[in-house]
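For reference, the structure discussed in these notes is given below.
Chain naming follows the written order as A, B, C, D and E, and within any one chain the residues start at number 1.
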């Protein structure tokens, strides 16, 4: 048992660590990338690979096969969600930034120029 | 090491929860507030898991950050649209601005007051007896009489069935209240979740996800007898799937007057009430289940309740039936200028 | 192994907490939503790790619920963005050709 | 619920109450109202009858083991019930003719219907007050007598009537409130659950909150009786009402306050407890307790006497500067009520009740009720007479004028009138000290005021020089006027210890006569000297009150508005919630630390 | 087996089906009303009404005759694990009141609907409650949206029934569901003996009451409803926090168990925590009861609803949360420090009385005036609290309890009558302005009388229930030495008289001439809008009950058991101890499992 167990544990450690790595990378990208479109890249990496590697890493540890199946289903669902939401976010980003009210609840776009103003200034008021 | 780690995790989640709650309340843009609320719900789920309450976590996830987030964003969109319209007309703008900026002193006073209440609560919680008196052992002990294994379900559908029953009626009444907001002309028409303009990815999602969701709901309902799960999370997931289908434009709600719809709404509570009333004749009293048929009765009630919960939640999200005006304000007619 | 998985769960959680910064700082609504999404995914991963560590079956059920509802907020967000953009552009068009009635609101999807 | 089955006396009382109430119910049908209005005089006759038969104080007792709700009559109450019932009855016969002639009243009262409704409700309340033997029914009937009188006052719908009615009703409601508190305090002293007036009043001197009880009783009842400084509604309301209504307001309704004082002041308290103390074994303790009670009683006695005389003189003085005869009569009522209250106050002193043959306190009650009886009849006759005179031409006024003058001076104690008898009866109560001197002074003041009234009569303009008053006005008035002279001669000697002959003694005649002469001469002197009289508007102190009250209410409204506005906003609501929470938590902490 | 399991059996008392029916039947009716078509929906509720009235009276009679509460153990699960419904004197009294008023309101609503249907052809929209104004901009729907949801409605509806000017079926259909829900929620509130069941019952109450508020559909009503909803939710949270603290410290939710666990002599309970829990839960309920300064949602909410909804809200709904506070304080009120908080509550009550009445006095709209009067009257409900927790003086506590209950009950009847009467007055006058009521006295004397009688009951005139309530409250407040409270109670009565006077004056005035043309436009032919007999009778009946409630409470209170009906169960000894919880620190199951 020992060798197989050790191998399986090693597999778990390896893949989970890799998954964490993707999460770290995703978060870093989320924080450091300049605009929404690029941040989307970071998000999808964490979503697809971070969770995926963790799930794969955990597979040897589950008590029953059904649990493993559940883990895979979760991964599949996350993949689906990620795919769809990145589409949606991207579409929003290209349509022009969704309008966020400024501090006084007034509408910004009435004053600001074109609908495709992507400067992000409309959301600037959100900074606490 | 592990206890220390757990303590650290608890502290971290707690700190994030408090911080996020404060931020959500204080941040000015409505959208940011809502996102904060959704994330708060996610973190709260983790907190519930940490407290060993997976049932609550599940419900929190489905209702707190799922359906409620959807509902809040729809409301925000609607408000936003009317604000944009008003901004052009320019009526009442300065006054609103003044209304919304509270004085610093009142914020400070509010903060001090809230802190005082929180301090009192903290002191009280610290003064609670340790270990806390609990009815959990008693509940576990009598669980076999109900023939189910999940103590939470036992409390909900057995020991405190009355509370559950009344809560379900509350849901129905709340739905009637929401319908009551309809304009006279559109009363009895169909409420709607307006399809999103961007439908391709959403339509794909709405085709792919619901089968999984339905299976998951059945699974949770089935598991509810022995493991965390049960009628409410299952109903919430079904409702979420239905909302998704509607948002993708793949379906349409029946009018509120439809008999089948109303039957679905009322079936759960009515059967619950009926089985409970039957208990007065054939069992030991109101809301007692006939001996030998406990599991059957409970299953019947749970299945119907799941359906009712799903329909009611869906309709609550859809809102009152509206004529020629959509739930999120996308197709609201122009006001006369 | 248990200890490792727990530490891993904490690590994922802490990493993901960084996304909170994005939620708070924005600046656009898309950024906030992406931050929320990342936190949700991270939460799923952390739940799975911690649940496997503690051998708690129900954790994966909770994660399943979380996963199936993950795209839900995004759909709502898309609707929000579309509605507000449509309203804003309609207003602007009305402003441009002032008084011209019947500027039909954009009806995506209908 | 068990009630002693009413005997004949109880039946008489119930009948007396039922007749006006039944007529009131009949008024619900608009078609019945004119007929009811024409028969208004009938309504009070059963009460008159009840006053004449010997009913007994416990004619009807509901719940005898508990609350002891009682209806009944003792002698003081029977005397007043009889007098006021006579007045109500006569005024009721007078009213239809007056109403038809004057044609006054709001647009909606051509048939006298609304007057009849207010009249009957008031009448029922008034009868009830005199026969109520417990606090609750007294309170109920007192309210029934007070509030519908609003309809009597406002009946003309003129601006003055509206103002007077508003002030009247407000004061009546405030009076009710004070009375309620007074009654609650009385009931707190009750030894058992009983709310019977005699029981609670007997227990009053030893109650813990006795002074507060007396204070609030005085406030509540004194407001109705017109004691200074709560008198100001009276000179507004009485002149504003139509003549028959003024008569019953002034003659009968303010007696509800007087009867309250008569039955609820603890006369002979010190004597009674002294008797107990002497008989009891622990004599020393008893005596020291009774000493304290005596001290308490004499302090209140002095205070009430002072209030009474202040009212008597202030009423006379303020009335003297008026020119409207009705206003003068109203002020005269204030003055006379002051005198009666002074009698009551003097009777409260421990010394006053010792040598009584009627039992402690009973003689005081009888004297006061006899004085009230006299005033009721005379004042009623004077008001009705004003209407008669106004309907009579100058040429034919002589007889009526003489009768009015005699009636008026009777109030000042003109010898051979009922007033003189009442004075004689009150004399031993006041004694020869300061109180006696003040009583003498008040007689002079009354004479002064009444002389002024008689001279003001001349200013009334009749319809034509030789018009005669219709029989519907003259006959009831003459009946009442004659009654006002005769009835005291029948009632007083039997009720009080004044023998009939005493009034004819030369000393008594002189004693009665010269204050009248003095007062009349004074009045004439002031008139001749053409001293400019200070101009004091009707209702004296209410005028500055009316001026300043808006400022006060504006401040209160400002506060209320600010609170309203503060809590109405969303933020205000939240702050209020948090504030209540924090405040209650803080107080809980304080309570926890203290207890 | 443990003691817990050994106690399985049927421990419910004889009347258990009665109280189960009282809870289950209205809820079933509510669900049926959701399910059924409109006619059938109202029929379902109307049919269950007499049954519920019968059940309530039967339960009251049973409690009266046996002298012990009816208990019903739900399922076979006794406390602490399960729930017991427990109908004691307080609960049955309130259920009887609820049944009476709710069925009166139901009849009224049915009559209104029939009336509305009958006259819709002649005068569309002439009554205010028909005004189903749309919350959004009321534009004609644009014709070009194809496939919208608008067309979808036609198929499921009975076809010809839905014309553009059809009956206001939204309000009607919603109303019947809500009426039944309110009824069931109130009944559950009155007999729930479990902190969490109380919470659930109150949630149902709130969620039924909020839509009632916005039944009219006007923007102000929607605003008021939203504010009510959010504040009530905040209140629920606070209550839940309090419940959590109680459970955390005692491990029990059943009120009887809690009372046993904290009885004097048991030291284990952390009293400070319980006090905080009491404060939190009380504050939460205060929001729903709308005690000043948490009242701001009430006036617009109650005034904006149709009359039958206003009557329900004002008469009954606020009493539900008040009753929970009462239950809490009867159970937990004697923890140290509670007295201070009780005085604070009374102080808020005093502010409510003065502020609410003063603001009512300033209103120009009739329904707002009545609503503000509710704010004031709620204050009275809290004045009793200091005496209620006076453990040393059980008589005082009983008086306070009886006073508070009587106030709640008599206010319920009076306010129901006043709101319904106001609705009819406004319906007739065409608009909700006090100035516009001129001529009401002549045109609708009985409605006018009903309004006045209700008002007099609020003022506290005997023999109304309000009088006895004030009497008892005064006794109680003076008993604890709180003179300021006593004077406030009196001032509140005076102010009530003042605002009532305003209305009565306006009704008594002639219809203003300049309104004539206006009214001709607003009002339909007089025959069409003259109040029908049924509604008039209902309104008058409610008013008369409020006026003569005093008799019910007065005489038998001492002798025939109403005192027992209103008595507080001595909280330290249960009639039949249900089950004693094991000491909190040793969970039962653990102790059993260990060996």
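Everything below uses one rule, namely that contacts are C-beta pairs under 8 Å (C-beta built on N, C-alpha and C of every residue); 3 or more make two chains touch, one makes a residue touch a chain.
For clarity, every value in this text was computed on a predicted model and none was experimentally measured.
Counting steps between touching chains, the shortest path from chain B to chain C takes 1. The most central chain, judged by the distance from its Cα centroid to the centroid of all protein Cα atoms shown, is E. Here A-C and B-D are compared, and the pair linked by more C-beta contacts is A-C. A separation of 69 Å divides the Cα centre of chain B from that of chain D.
Annotation: 42 Å between the Cα-based centres of chain D and chain E.
Each chain gets one centre point, the mean of its Cα atoms, and the points for chain B and chain E are 28 Å apart.
With each centre defined as the average position of its C-alpha atoms, the distance from chain A to chain B rounds to 25 Å. Residue positions of chain B touching 2 or more other chains: 23, 27, 31-32, 80, 84, 87-88, 120, 198, 202, 205, 209, 212, 331-332, 334. Within chain A, the positions touching two or more other chains are listed as 73, 77, 80, 84, 88, 91, 98-100, 107, 109-110, 123, 126, 128. Across the assembly, chain E contributes 145, 272, 276 as residues in contact with two or more other chains. Those residues of chain A that touch chain C in the complex are listed here as 9, 12-13, 16-17, 19-20, 23-24, 26-28, 30-31, 36, 39-40, 43, 46-47, 50-51, 54-55, 58, 61-63, 67, 70-71, 73-74, 77-78, 80-82, 84-85, 88-89, 91-93, 95-100, 107, 109-110, 115, 120, 122-124, 126-128.
Residue ranges of chain B in contact with chain C, taken from their complex: 1-2, 5-6, 8-9, 12-13, 16, 20, 23, 27, 31-32, 35-36, 38-39, 42-43, 45-46, 49, 54, 57-58, 61-62, 65-66, 69-70, 73-74, 76-78, 80-81, 84-85, 87-88, 194-199, 202, 205, 209, 212-213, 216, 220, 223, 227-229, 233, 237, 240, 243-244, 247, 249, 328-332, 334, 337. By the touch rule above, chain B contacts chain E in their complex via residues 120-121, 123-125, 127-129, 131-142, 145, 158-163, 165-167, 169-170, 172-174, 176-177, 179-192, 252-255, 257-259, 262-263, 265-266, 269-270, 273, 276-277, 279-280, 283-289, 321-325, 331-336. Interface residues of chain C facing chain B in the complex, by the touch rule stated above, are 2-3, 6-7, 9-10, 13-14, 17, 20, 23-24, 26, 29, 32-33, 35-36, 39-40, 43, 46-47, 50-51, 56-59, 61-62, 64-66, 68-69, 71-73, 75-80, 82-84, 86-88, 91, 94-95, 99, 101, 103, 105-110. Taken in their complex, chain D has these residues touching chain B: 569, 571, 574-575, 578-579, 581-582, 585-586, 589.
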